[in-house]
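Next come two complexes, and both contain chain A; in the first it sits with chain B, in the second with chain C.
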Partner chain A sequence: MSAGALPGFLGEFLPPDLSIGYLEALARPVMQTLGMAAGGMLIACAVGLPLGLVIATGAAGTRLLYELLAGLRAIPDLTLAILCVVVFGIGPPAGMLALAIFYTAMVGKVFADLFLSAEPGPLEALRTTGASRAQVALFGYIPLKLKDLLTHGCYSFECAVRAAVIVGAVGGGGLGTELVGTLNAFDYHRATTLILILVLIMSLLDKASALIRRAPRLVFLLFPAGAAGLWLYRPDLVAIGHALSAFSSMLPPRLPAAAIARIPRLLGETVATAAGGTALAVVLALPLGLAAARNLAPSALAQAIRLVLETLRGVPEVVWGLVLVSLIGIGPFAGLVALGLHSAGVLGKLYGESFENVRLAPVQAIEATGATRLSVACFALVPLASGPMAVHTLFRLEWNLRAATVLGMIGAGGIGEALYEAQQLFFYREMMAYILITWAIISLSDGLGQRLRQRLGWAEVPALR
Partner chain B sequence: MLRIRDLTVAYASRPTPVIDRLSLQVQPGESVAIVGPSGCGKTTLFRAIGGFVPITGGRIEVDGIEVASARGKRLRALRRRVAVIAQKHDLIERLAVHQNVMAGALGRWSCLRALRFLLLPRRSELLEVRAALERVGIPEELRRKTAELSGGQQQRVAIARALLQNPGLLLADEPVASLDPALSEQILALLCGLASAGGMALLCALHQPELARRYFDRVVDLREAADARPAAASAGGVRLAS
Partner chain C sequence: MRKSSRRSAILATVGWLAVGIGAEMAPAIAAEDALRVGMVPDAGATQVSIEEKAPLRDYLAKALGRPVALIIPTNYNATVEALGNGSLDFAYLGGLTYVKAHERYGVVPLVQRDSDREFHSLFITAANSPVRTLRDLKGKRFAFGDINSTSGHLMPYAALAESGIDAETDLNYRYTGSHPATAKAVEAGIVDAGAIDESVYKAMLADHKLDAAKLRIFYTTPAFVDYVWVARKDVGQKERDAFTAAFLQLDKAQNGNILAILRGDKFVRATDAEYGDLRKIAQELKLF
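This part shows the complex of A and B:
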């Protein structure tokens, strides 16, 4: 598409279709998305919480269990969704199961880490009463870490809703499937409506999370929603036989010689998309972060920029990718821009917070020289905040490598594109081989990132999605 | 009740053993104070008795059962007989007072009963907790959040938890370290009184030798206690049961 045609094309996205009929029709995909997320998270918490406790209480074989969860977490949600769509068929059950598997690994590992960091004194005091492991968990680990569990649980639920949209893009149902349908039908007004609804849902979830952190008992309201999601989108039992035969058709994984020869190029595209997307995000996030810092920018500007960042962040990479593939065309560049836009929202917020958290004394010393706000930013704020900013950026690069592997599935090149093609052509053994390659490069990247952080002495910070 | 013979505990990080050939016996109804400066091994001794620290040499027996060889259910059963009051009371501050006190009963409860108690405590159970709190003088705090209590009150909750465990041996690791003098004396009188009246063996680590001499049947100085000789004042140990 030529640059001159861009404004006209963008104009096709406006105004959004806000007709009552369409909004009514959207109730079902919205419910599907929320139901998949709630059902998947209910399974994830029901399995992940006990697994975390088992690991923390040090029962036999827990090291292996921990590594298993860490390994499972390295398979991206969209990759799992493709797998589940093949095994269980198109529709919300496949999406919900993909989310359940991914978040069980995520919740289990993070909860285990939280429990392992619990103060040892009160736990030993409970053991001295002769309490069993399960009783120490009930009276010790859970109450000691309840606040952190809720914080992370809410954050995971937000991520699960975003992921529920993403898994829809490959046939998992809900808003994602609807969005792919509107873009394929060139119905861009409706695509804008869907994106706006997604941003609205994420904003409401953000508020609900804050409320739950203040009143933890509200978390019990999520249980009926999860149970309803589980019931509505349960996999059909008669399809279990088909699921097993579909899964066995993927084994053993195998790649033809021509496909093996393509792998270096595909991996190169994936890494370049991740690195380019992160670089674009850094360039965009630095000024946006400065403008979002409440101790630096005027309040009204900071507020407005925060809204922009929230919008950029609220739309998942895959959704940006779907829109940009329509806009720019199929290829890694669309993926790069998609990663850049979403990551700019994440990094802009984190950079802004890093600027707000710097020690005030050196900043005031520069201000005392009569320096302008920009000079204060360049000579004090940016150097002082550079440590946490570097940590956030490295985390983002790791995350973007994971995201780049899946963006290919919607036409943005790289290893994901090969995986999607194999699925579409029913080459399931080839598909399984690509899934294993994806898992291997993400595990490698996670391991390298962790070692680098340990070597640099950087504390871990939660990576915002 | 408690028999320790030639106990040695050493850490790889320290050149000399923390505890070197300590021998000690405590009978039911007897109260023994362990004194010595910080770092002389008082807390290590208590953790070794509870089976939380591997011993390098010697033998610890509680009710005739050797601690080092106890595993799984046998270790749990042994711990049920030994209550511990830790220096920092080690309560779960997020739980309410009655929940912390009832944690003392966990050793004789099933997991399901523990869960049911957390969600729906029975009246009889609350009365049992209240009785334990009455013994330490704070029955009115039954339903309060533990985090809202003062340091002294929290220490009493920890003592109530230990009492509810109905132990044969009570290990108190500097139970009055963070309390004012008047409250310290009150707590020590309470513990020694409970030991003598209830036939429970009491082993208590203390910083203050004068308090130890005043309240306990025997005083053992860990610095010179490779053979656990009774300290001079303990020969005719003064006993002040409350």
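This part shows the complex of A and C:
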């Protein structure tokens, strides 16, 4: 596709189709997406929070439990969704189940990490009073980490809504299904409508999570929504027999020789997509993050940049990927740009927050010398924030490796494409082999990331005792 | 002021969720008794494409005496799996998906268009393209439809192989997921050529969804057997008969709008025996 054709293409995206009829038709997909996310997250929190506490209080077998959660988390959500669609059938139930599994592992692991980073002093004090494990958990860990729990819980919920859109792309229903349909039909005006709705939902969620952090009790408002989602999308029990036979048809995993020979090239493509996408994101996010930090940039600028970041972040990698595959054709390059755009939004926001969250004393010390804003940024904020920024970036790289496998499923090359084609052709034993390979690669990268963080001694993500 | 605006934001959110839950629950309850009829997304899978098929849904509901839910899954695979796990009762499948669904889940063929007995796939390219024969496609960007599509993948793939083109090494190909998407990709120049279902292509030209002046057919495959309506194995004989009769009764004078949605003139009974050749080709190409 030549560069000259691009503006014409952009013209095809505008104006969005905002006719009442279309918006009315979209009410159901929107609610399916939200219901799936709320239901899945309710399960995830109900299971993940106790798991996190059990791990943190160091009961017997917690090491294994932690590894299990980390292992489960290494299966991408879209891959789980494909599995759930095959096993439980099309529609929101499969999507919600996939989200529940993925986010239970995610919430459990992240909460465990948070609890492990709790200040030891108050916990020791509690223990010396003779408090039981449960009492330490209830009166020590949770209050100590309440703010972080809410921050990460809200963040996970936002991720879950995005993921709910994504799982729709493989048959999970909701907005994702609609989006794939419109993009497949090259109906860009309606695709724009869908993307706008998605960005709107994400920004509303962002507002809601800010509210919840200020007034934690509001979190209980999410429970009825979650319960409604759970009830609406409970899997049909009649399908259990089919589920078992479908699952057994995937075992044992098997790959023909020709497919095995292709694997190094496929993995290379996936890794290059992830690394390139993260690099692009860092380059974009550094200036954006600085401009978005409210303690650094003029507030009007910070406000505007935050809107840009929100849009980049609100549109999932897969959605960017679908659009870019349409625009610049199939292949890893579309995937790389898709990862870069979404991750720039995520990292820009996190970098900005890292700048805002640095300890004030050193910053004020430098300010007291009469330094300019730029000097303060260079000599106080950036060095002070570099720890969290590096953690965020590394975590993003891990995440992008996972996302790169997922992007393959929509035509961006690599191992994901092979997985998707095997699934589509009902070669489920082959599909299972690709799932296991994907899982091994992601686990390996998670393990390496963890090792690296430990070695560098970053307190933000502590090692397991 | 701040506090009240916050409160109204919360109320609005709660209200929105409540409305959505209501919208979701009402059809869920009403659809308890409905027959679920699925269609492979050969012409796209969106709310709009379902709405466009409302007359078909209403016709079937009247003929069968039961509410009908029309469902278009995201891809061909999902349609077959839905027949396996009981989330669809009847479905419209392509030839290749039928063969797979029959093998996996014992689905029963009921009816098909008379044209499905002698179906063709078209190879299309831009009107001003240098591509004239299948061999000219060497090194070109090419679009197949869904990977499970008979007229969008299997038969064109076989035709290419027949003329000495190995899609794996000679083409830079992609799957667009549906026939309209293939046509649009060729029209927009995203690919140099593509393979498409003849009935979808003709319908798109007739509806002016494609610019006839921009496109050219440069190859038509030999005839093969394609689409078929099937019943899930466990659907009772009475329902199967009623469903079959509803299609056999379709008449151009009375049901022109429904036949237009189905892109056909007349329906006939379908049998599994017709699909022997297709099964063999699919096995040879390792797509089955």
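Operating definition for what follows: the second predicted complex is superposed on the first by the 367 of 465 C-alpha atoms of A that agree within 3 Å, B and C clash if a C-alpha of one lies under 4 Å from a C-alpha of the other, contacts with A are read in each partner's own complex, and residues count from 1 in each chain.
Criterion: a residue touches a chain if its C-beta (ideal position, glycine included) is under 8 Å from a C-beta of that chain, and two chains touch if they have at least 3 such contacts.
It should be emphasised that the depicted structure is a prediction, and the values quoted were computed from it without experimental measurement.
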Considering only the touch criterion stated at the top, classify A:N184 as touching first (chain B), second (chain C), both, or neither.
second
Which partner does A:L146 contact after superposing on A: first (chain B), second (chain C), both, neither?
first
Taking the superposition as given, does A:E67 touch the first partner, chain B, the second, chain C, both, or neither?
neither
Report for A:R127: first if it touches chain B alone, second if chain C alone, otherwise both or neither.
first
Looking at A:L34 after the superposition, I want to know if it touches chain B, chain C, both of them or none. Which is it: first, second, both, neither?
second
In this superposition, which partner touches a larger number of chain A residues, chain B or chain C?
C
Going by the contact rule set out above, which residues of chain C touch chain A in the complex?
6, 9-10, 13-14, 17, 19-21, 23-25, 27-28, 41, 44-49, 51, 71, 73-78, 80-82, 84-87, 100, 104, 141, 146-148, 174-178, 180-181, 184-185, 188-190, 287
Which chain A residues qualify as touching chain C in the complex?
1, 5, 22, 25-32, 34-35, 85-86, 88-91, 168-171, 177-178, 180-182, 184-187, 190, 204, 207-208, 211, 218, 221, 224-225, 228, 232, 236, 238-239, 242-243, 246, 326, 329-330, 411, 421, 423-426
Counting only contacts in the complex, chain A reaches chain B at residues 121-122, 124-132, 134-135, 138-140, 143-144, 146
Which residues of chain B touch chain A in their complex?
47, 50, 52, 76-80, 82-84, 86, 88-92, 94-95, 99, 103-109, 111, 114-115, 118, 158, 161, 165
